[in-house]
Amino acid sequence: MATLGLIEYQEASPEVRAVYDDIMATRQTDRINNFWKALARDPVALRRTWQSVKEIMAPGALDPLTKEMIYVAVSVTNQCSYCIASHTAAARKAGMTDAMFTELMAVVGMANETNRLVSGYQVEIDEVFKAGS
Amino acid sequence: MATLGLIEYQEASPEVRAVYDDIMATRQTDRINNFWKALARDPVALRRTWQSVKEIMAPGALDPLTKEMIYVAVSVTNQCSYCIASHTAAARKAGMTDAMFTELMAVVGMANETNRLVSGYQVEIDEVFKAGS
Amino acid sequence: MATLGLIEYQEASPEVRAVYDDIMATRQTDRINNFWKALARDPVALRRTWQSVKEIMAPGALDPLTKEMIYVAVSVTNQCSYCIASHTAAARKAGMTDAMFTELMAVVGMANETNRLVSGYQVEIDEVFKAGS
Amino acid sequence: MATLGLIEYQEASPEVRAVYDDIMATRQTDRINNFWKALARDPVALRRTWQSVKEIMAPGALDPLTKEMIYVAVSVTNQCSYCIASHTAAARKAGMTDAMFTELMAVVGMANETNRLVSGYQVEIDEVFKAGS
Amino acid sequence: MATLGLIEYQEASPEVRAVYDDIMATRQTDRINNFWKALARDPVALRRTWQSVKEIMAPGALDPLTKEMIYVAVSVTNQCSYCIASHTAAARKAGMTDAMFTELMAVVGMANETNRLVSGYQVEIDEVFKAGS
Amino acid sequence: MATLGLIEYQEASPEVRAVYDDIMATRQTDRINNFWKALARDPVALRRTWQSVKEIMAPGALDPLTKEMIYVAVSVTNQCSYCIASHTAAARKAGMTDAMFTELMAVVGMANETNRLVSGYQVEIDEVFKAGS
């Protein structure tokens, strides 16, 4: 059970409902994830976090599918069960196929392996990579 | 200095040189990163790791640029300095613009934040996300 | 089920019971958490760990509530479910209100975000921060 | 060198300068940390991140010093060198004494140890901790 | 439920069955872990990962038991529940006693503690450790 | 520079000197690592941490070399530069050959990869692994 419990739409304050409404409209869905219902215990944090997520995940130089896959990559690296489950679902909704998912996993796994090999062998950064862009 | 030192091309065994040659040919470059030079102390690991990286990073359901950005996302989450430096360079070479980089960072940062909010609020996975694909 | 099972008070050796008794007396409770019951398989580790925890969590330059919140912050960052559950309960017992909890989460989330932005942008430490205290 | 370089006040756009001005006014200082100068490459991210940090780190149910120490706890757990250096400095400015710092480190170290003991022994959450608040 | 479901032996393609057969022969068992059944959705990744694991975990300069304990140490540090459960079982099968397990946990716990103390105190690497091998 | 500076033997209090003397006697060396010199700012933490390390790293069910390699495995997974440098040196002193080191790295890298594959594919723990010991 969430630490402070979940706040359902019916019992939500107008401030919280406004955020819930915007989430549903933006995502074209009629349900609110448990994450937002838990965060609603802190209406200011709910608003701030949703505004940030909305701004960051909107189409830009990167398309929404790529952004969702990056979100999955981070969540898998952190081994956050909830985040993996919810963002894998979001990535699928955004168009991720099974083949794209398995390739995503392969890259994430390999990156976690080589990250440690680099550290373990105490490899110094190549001069060419230090020169900035 | 790398734990066991770096192995330069001139001093490399034929087995190691074969891998170096394949890396340079595949990546269309004339230099070898320190990572491979350090790993070359274990020729079997060098071959295995390179074959895996080559297979995983080849174009498939995901394009090479997307893969490199995912690699950066993992490396940033793990805070691996060498990996961030080398894969940011690789992503740029594959076409990552400044705008794509800054959006990538925004998603990675936000994902690391919400991963912890989810854990801290002890949010249970929504039933709909448990139903599998 | 815990790897080596849990050791209940009734079946515990005198050495383990002595630690259990001290835990209950120090914490003014009549129950022992599963953590200690699992660790009791290694009586030396049980004693050492409890002595360290007792010494570290005692009132000092920082008050017990602040210490418990720091414990929660670390556990959330590591995403350790058991630790989050038990130390959130301990922090509440020490006086953490709902408002303190939600602010704690906000700081933890934000710190995890900016930690990655710093790494991803490869920001160098400001000279003024290198000068020591 | 930061990936995209640092943006100094003199060369900053009016939008970036406004954020820099607010940072200096809020923190009562006449310098801008490298973190903000690096993030300024993405003015939208600069504004969003600063607004969030400003809102989260303001006095509330938790005092500024406690918040800075929590920030340090997270940064140490993530082993983010820049973040440890800058937030240790900020915590000191907010009143952290040497004795408070060493106690903070002791709690952070112990929490990281017991987090792993819990995971390694595969300890199940006590029923009493599952019952919510 | 695994994201893409599990592939049982009966429904597996000849390519996947060949890997399953090799796993069972190498490990002298008649069952396949869920990990491989999940990974089988990507036959190329299944083959590559199994070949790497087989090569790496074979007896060499380090014996199989030591390797399994190192696997457990990493999994505990990453707090990966599945990995801790499966590799603790594998380590026991390879000869790990209860006493070895509890000592393993003590080292893993202590290393996670001192890793953070080192970072938090911002300790510089001793010159003698920089001199390479 | 370490946050609170290093305490050299000559300037150390009798309490700190006693710990330094025990470290040098136990490890049969005439130098003290920077880690202990930094921690000496908190004599109680210095004593407690050294006593724990001394107790945990002593020969027992696991030999000192195996323990040092486990320490390296954890430090590499956490990517703690200081810890990798100092414990790799300690492992070598305890008898770790180059071949043992490269195999250690291979296992650590592979474990970090499969830890993420397991999480990413959301693999459930096999019933047989849940049955305890």
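Letters A, B, C, D, E and F name the chains as they come in the text, with residue numbers starting at 1 for each one.
Please note the rule applied: a contact is a pair of C-beta atoms (placed from the backbone, for glycine too) under 8 Å apart; a residue touches a chain by one contact, two chains touch by 3 or more.
Since the structure is predicted, the reported quantities are computational estimates derived from the model, not experimental observations.
Common neighbours of subunit C and subunit E, listed by label, are A, B, D, F.
Placing every chain at the mean of its C-alpha atoms, the farthest one from subunit D is found to be E.
Counting every residue number used by either copy at the subunit A-subunit F contact, over half are found in both chains.
Simply put, subunit C must spin 180° to overlay its Cα atoms on subunit F, rounded in steps of 5.
Chain centres here are means of the Cα atoms, and by that rule the chain farthest away from subunit C is B. Chain centres here are Cα averages; for subunit A and subunit C they lie 27 Å apart.
A straight line joining the Cα centres of subunit A and subunit D is 21 Å long. Centre-to-centre spacing of subunit B and subunit C amounts to 34 Å, using the average Cα coordinate of each chain. The multi-chain contact residues of subunit D, meaning those touching 2 or more other chains, are 1-4, 41, 49, 52, 77-81, 85, 88, 98, 102-106, 108-110, 112-115, 117, 119-122, 130, 133. Within the complex formed with subunit C, the subunit E residues making contact are 79, 88, 98, 101-103, 105-106, 109. Residues 3-4, 41-42, 45, 49, 78-80 of subunit C are the ones touching subunit E in the complex. Subunit C contributes residues 72, 76-77, 79, 81, 84-85, 88, 104-105, 108-110, 112-117, 119-122 to its touches with subunit B in the complex.
Those residues of subunit E that touch subunit B in the shared complex are 1-5, 44, 48, 52, 55, 130-133. Residues of subunit E that touch subunit F in their complex: 1-4, 31, 33-35, 38-39, 41, 49, 52-53, 56-57, 60-62, 66-67, 69-71, 73-75, 77-78, 80-83, 85-87, 89, 92, 97-100, 102-104, 106-108, 110-115, 117-126, 128-130, 133.
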